[in-house]
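Input: structures, listed below.
One chain, chain A, links the two complexes that follow: it is found with chain B in the first and with chain C in the second.
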Partner chain A sequence: MSIDGQSVPGPGAAAQGTTVPATRRAVIVGGNRIPFARAGGAYAKSSNQDMLTAALDGLIARFGLQDERIGQVAAGAVLKHSRDFNLTREAVLGSALSAETPVYDLQQACATGLETVVGLANKIKLGQIDSAISGGVDSASDAPVVVSEGLREIILDLNRAKTLPQRLQILSRLRPKDLAPLAPGTSEPRTGLSMGEHQALTTAQWKITREAQDELALNSHRNLGAAFDSGFFDDLMTPYRGLTRDANLRADTSMEKLASLKPVFGRNLGADATMTAGNSTPLTDGASTVLLASEEWADARDLPKLAAVVDAEAAAVDFVHGKDGLLMAPVFAVPRLLARHNLTLADIDYFEIHEAFAATVLSTLAAWEDDEFGRTRLGLDGAFGSIDRSRLNVNGSSLAAGHPFAATGGRIVATLAKMLHAKGNSNGRPARGLVSVCAAGGQGVVAILESL
Partner chain B sequence: MTDTYTQLVSSGPARSLAKKLGLPQPVALRRYEPGQPLVTGPVVVQGSTAGADKLAAELLSWNLDVRRHAVPAEKLGAIILVLDELEHPADLEKPVLAAAASLRDLRPGGRVITVSHPASEASSPASAAARQGVDGFLRSLAKELRAGATGNGVLLADGLPPTSPSSLGAIRFFLSGRSAFVDGQFLTVSSEHGELPGDPEKPLAGKVAVVTGAARGIGAQIARTLHRDGATLVLVDIPAAGDQLAAVANGVRATALQLDISAADAGQRILDHAVQRHGRLDIVVHNAGITRDKLLANMDQARWSSVININIAAQLRINEALLASEHFRSSPRIVSVASTSGIAGNRGQTNYAASKAGVMGMVHATAPLLAARGGTINAVAPGFIETEMTARIPFAVREVARRLNSLQQGGLPSDVAETIAFLASDAAGGINGEVLRVCGQNLVGA
Partner chain C sequence: MTLPQTVILPEMPSLSKLYVNAAAQAARRRLLGAHDTATLPAEGHEVRGVKVDVENLTAYQHLIGETASDVLPAGFIHALAFPLAMSVLNRDDFPLPLLGMIHVRNSIEQRSPLVFTDLLDATARVENLRGHRAGTQVDVVVEVGPAGTGRVHWRGVSTYLAKGVFLPGIDKASAAEPKADFSAPDPTALWHLGVDTGRAYAAVSGDFNPIHLSVLSAKALGMRRSIAHGMYLASRALADVGPARGDSFAWDVDFEAPVFLPCRVALEISTEQGGAGAWKRSTFVAWNPRSGRRHFRGTVEALHEAHGLPVT
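Our next item is the complex of A and B:
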């Protein structure tokens, strides 16, 4: 269907005057990701660009998009080299897509992947584009290492100096400590606390037990393992660098094994420390992509339509002053989003709540089940509600798969779209899914998908 | 994978040295490229029957330089012996000796093609003897030809003229560079079905084809050849080979289907994908296969069963689904990859040879079922092909194996792919239930 050149549609009804286009459906055609690897593992020598290109090429092969000019591609990475300012465009140029495909990079911490889905779906709904690929990638292995602030200033001053004496004078400022490189951290700039330490505060606040966290982690591994065994990922994943499954998956783990691990976060709580390497996500490398389209575009190419992107909501919390936990923004976003559609938690068939830490999911559920929180913080008559746990992360989530920050949103959206399509209509309505992703900086993005 | 010896002896002092020492002198074969002439020079049609006249007229309409008698000292592209009215072995003499006179004028990469009827359908013992005589004659002649020239035969079911569509299709295939590594073989045309393509460069235009095992080696080359010939492709391989499969698919504008063909629902999933994404399914190439070599005394259950399951049981199961489908009814084509191991046997390959012989048995028995739908099923049996798999054979063994055929070299994946593309085309519509060897007339299993 691709044509040579980038022809402009002839003047039509829209040319008669400026009109606001009516919205239409944005559908999820499918997705592709590479297996996620633990940092320093199979993808230790792969760059973000390598991994994103691989994920794109797998998507292109699955849906026959070779030389296709896609309406727009948006993707991003959280840990990004400064040279990768056009990361996604470079990946597209290295892929089998038409080089005439426009692109933008986006960065919204761990919500990057989901936000690209939301933004591109909105453009499709508005009629601005007919097709789109959203994506995300992260490498904790190939992370940028930065020179010290002192050395950076000296180098910049040297660049501006005109004479040799000036240069020598500037160089004389150099001290040994300036030569130590700065490794990237996941600490919050305003608190100095790592994400895990922040969650440890929230975990304690909501009195989430070690056992409950380990049980959630165990389910994540078991569910993801079962999904692989049943071939669920055969049309969602393309192998990369020898990996055919997520390297972090431990399908044979047990409550005993998880219970044997020592706490790694909140250790200042002493005996009350509950967060271990087993119930926290590890640093991970990986990439994911999702193909989005208008119904007409998908139909014209005989492509599947799995689910529609219904709506999305973002929220943020004031974690700096301790009003809410760092990763609790979705607790506020979900009630607002569901209210907009007159839905309750009981109307959702599948919940995909990103497992940054097992305790993040459990704190979120605890807040929704809390009467006082519902009244004082959410402005409801009582508790927001509880969910049917058998509908939660049924094909596993980040604790088992790993969490390459910007790639998680795409993993979840493609997985959920396939599940919704398989469930299809029941009780006279389409199957509904809720995606919830928390992010650094006290942010969160949530979305509703509906089966087609 | 490069055949250094062939490169070495094709020119310069090494060439004359090899000749003096009586060493094998393989040459680079004439292989098909789009735009290339069908043959390298004039074509002599030997034979005085009405069938020979009609065939000569038909070849003339292809804009070939056609002779009914050889011109002395004129270099030739091909000699076609039309032997369609043999009543007695003595009838062979005249056309055979006429051909003999021009053999030395055959250009490198030349062709000798016999056109005759199968002995099994002969009406008298003398006629059967003459017809069977063609078999021994052609196979021996093929072994005498040098410089990349090949000899092959077309066998016409009784009642079919040499100008029936698939006879022409087979002659065209044997004349062309597409049959470079097919030597000393007969191909039976059993019906009037088939038609020559409108555009000889795109014989598969408008067709949707599935290739299994397409991520690597011969399968990847089959994909590239079918794509070049105009087919729209669905490429299948196991999920674990998905990255290589994607790379092949993106090179030929195909869709990649990650699927284990031994899954119970594989046939249905292939059909669903082809029909949903491409609207139809015309051609299925069963290429996926594995080897798990062990002497039978050391054979274990896993090695035996995995080879049988993937190489033949999966094909049987997929064919059942195809034959049950309403979407596989419009001149459908199935082409399976067998092996000369399944014909001649191979030490250490009892499981593999059983599976590949099984493929040939399946093809024979499935042919009537496809004929009922206006379709065909055939197999190709590759001999020594230069692939990653054969590159792992120890040097000395490999060097012997690749020279033990009339062309004194290994074939390329493209040689197998060209043969499959021909059998999948409309031109081969009258060829059904056949096994065509792509082995350079390998000395074993003849």
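Our next item is the complex of A and C:
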């Protein structure tokens, strides 16, 4: 029977235990993103809604989702215009998906993209929905510019005024300086320090060298370049505005070129400044999406099942007075998550540690390798452990690809799911991947994926 | 808390009138010669039933970085009672010139919270006239509590230095205390203070002292540029310490070098925990990130640790 509405399963469907099992697998079917552009580049005039819709339409085309009513779509942006309060819903309405697809927006700074994956996967596991699309988008080019606090108050007071004399009196408060617009700041509100300055403190604390940072950046570019060359991203990306590769990628960079760059963060600290534009992520524009589903939903449509979302953990650190570094929350989240599954770092086949800065990844690894930190801060018998570097960000990460804040989680999850599926079972167990994303406000979200 | 000799003012005095009066007094003294008594007025001043303007409170809280709660920030109470304190310094029998006095230290005990709906009684008096190697120091003691209760919920001692003023009978303090070398630690915060910082704080605190308002008005008083209000800086540091401080605490600050505007101020706040991980004390220190010169430093301390339980 076909109705022009939203059909409800008949009574008894739940009673038969077929649609609401206790928990079930949430699988990653695939992903799609647009190439990431440097701020002010190819997407300078594209809005968040434009880019998210473009990424969504590519996903819809790849998996034949035209007119499909998806269980729920969740996405978000970090730098968001107030008119974009329903950003994701507007993108869905402008896409080929059924207009009856429900949606929510989410904001968790740079962890936005990963958190949408986690939240939607949980809904699938609980049987609340059968399919979902997670996503994220950010534009550093088309960023909101706000009026000054003085002008804003005058406009709001004018709105509340009832008489002409009141309005004139309010207008007389206007001063020339009130007319200067404010660009969005990247400083932490409670400290006034930029993210780079915060990381510079952590970098100095863990004594991360310039060479180690440049080497990590070089590997990121080389790995991402090799992945493009081998066609790895062919089914993870749709071209947009003339871009077919991430515009920030410098596959031919070298240690010499990276070493020639001047430090930009931490120049006022006692230690040598080591963080440059080469080993820090640039401001970037871009969008990403991931298709999630129950196994039944994917099977019924003959869609691939790349990996399962096993579990996730969030953490936060008290960075305000320097107890921990701003971007160090994953250092605490990962040990908790692995302990819950009786796993160690040695049980992980691929690590995807978001490269906010090369030094962020290296400080994270240094904390895990530190005996005293393991004992006093993680409550372990000693160091948490070290990782096999050949398993780290093997197809490149944010230093090469760029980092459109909310879009990074989706980029990583789709990339990792494809790698895990390709590796498949070995040693009698599925391939395992760990995702780690740090975020502003001293937060972090980490997740385990497993091959199918 | 009524003093033996107290002048009860009908309302909170106007600061701008006090400043004008102080300027006139300074001119008069220049003409007639400074008077040479070395005693402080025994009388204190009191205002009863002071009302808090909630819009002013909200503007203050937002400027300083406090959440706009109903509890009065300790620095707000200082600003609220500041005209009363100035009125004592403005008396004809006060021996030091009000204009040009430097705020060198401030010590506040917030014993119990006050909320904006409370009517407040406030008293102010001066005490402890003493020598300093560079001039003469005096303490202004202000006490504030709920109207009609006689209880002191807030007590502030502001120490001012009249630079270059030496009164007969007041010994010059012995040689300068050795200044410990300051080497800047890693900052936990960085303030970007615009040139309008002084005007913004003047608007919420009512303290329109010209040295804070603009380059021109500051130059007229012999400063090379305008400077930030000391209590603005101290209040922001208190806000940065955060909610760990609770409702009752002692808050001390020593002002060392003026903060010329505009500028950046680097800050380090460190926390000391007592037994069972409870917050015990936060210390703050602020410096110029370019020159490394220290601007001010202080502590915020749980009150029962610092001074015993409040006595009312």
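Criterion: the second predicted complex is superposed on the first by the 437 of 452 C-alpha atoms of A that agree within 3 Å, B and C clash if a C-alpha of one lies under 4 Å from a C-alpha of the other, contacts with A are read in each partner's own complex, and residues count from 1 in each chain.
Criterion: contacts are C-beta pairs under 8 Å (C-beta built on N, C-alpha and C of every residue); 3 or more make two chains touch, one makes a residue touch a chain.
Given the structure is predicted, the values throughout are model-derived calculations rather than measurements.
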Chain B and chain C placed together on chain A: clash or fit? fit
To the nearest 10 degrees, chain B and chain C lie apart, as seen from the C-alpha centre of chain A, by 150
Where does A:322 make contact in the superposed view: on chain B (first), on chain C (second), on both, or on neither? second
> Now for A:340: first (chain B), second (chain C), both, or neither, which partner does it touch?
Replying inline: neither
(Q) For A:268, using the defined touch cut-off, is the partner it touches chain B, chain C, both, or neither? Pick first, second, both or neither. (A) second
Between chain B (first) and chain C (second), which, if any, makes contact with A:62: first, second, both or neither? first
Figure out whether A:201 sits in contact with chain B (first) or chain C (second), or with both, or with neither. second
In this superposition, the partner of chain A with more touched residues, chain B or chain C, is B
Exercise for the section: Identify the partner contact of A:45: answer first if only chain B is touched, second if only chain C is, both if each is, neither if none is. Expected result: neither
*Is A:375 touching the first partner chain B, the second partner chain C, both, or neither of them?*
neither
In whole Å, chain B and chain C in the superposition are separated at their closest C-alpha atoms by 45
In the complex, chain A touches chain C at residues 177, 187, 190-193, 197, 201, 204-205, 268-270, 320-323
The answer for chain B against chain A in the complex is residues 239-243, 245-247, 249-250, 253-256, 258-260, 263, 276-279
Residue positions on chain A within touch of chain B in the complex are 54, 57-58, 60-64, 66-67, 96, 231, 233-235, 237-240, 244, 302-304
Chain A partner, complex, touching residues on chain C are 184, 186-192, 196, 240, 242, 266, 268-271, 282, 289-290
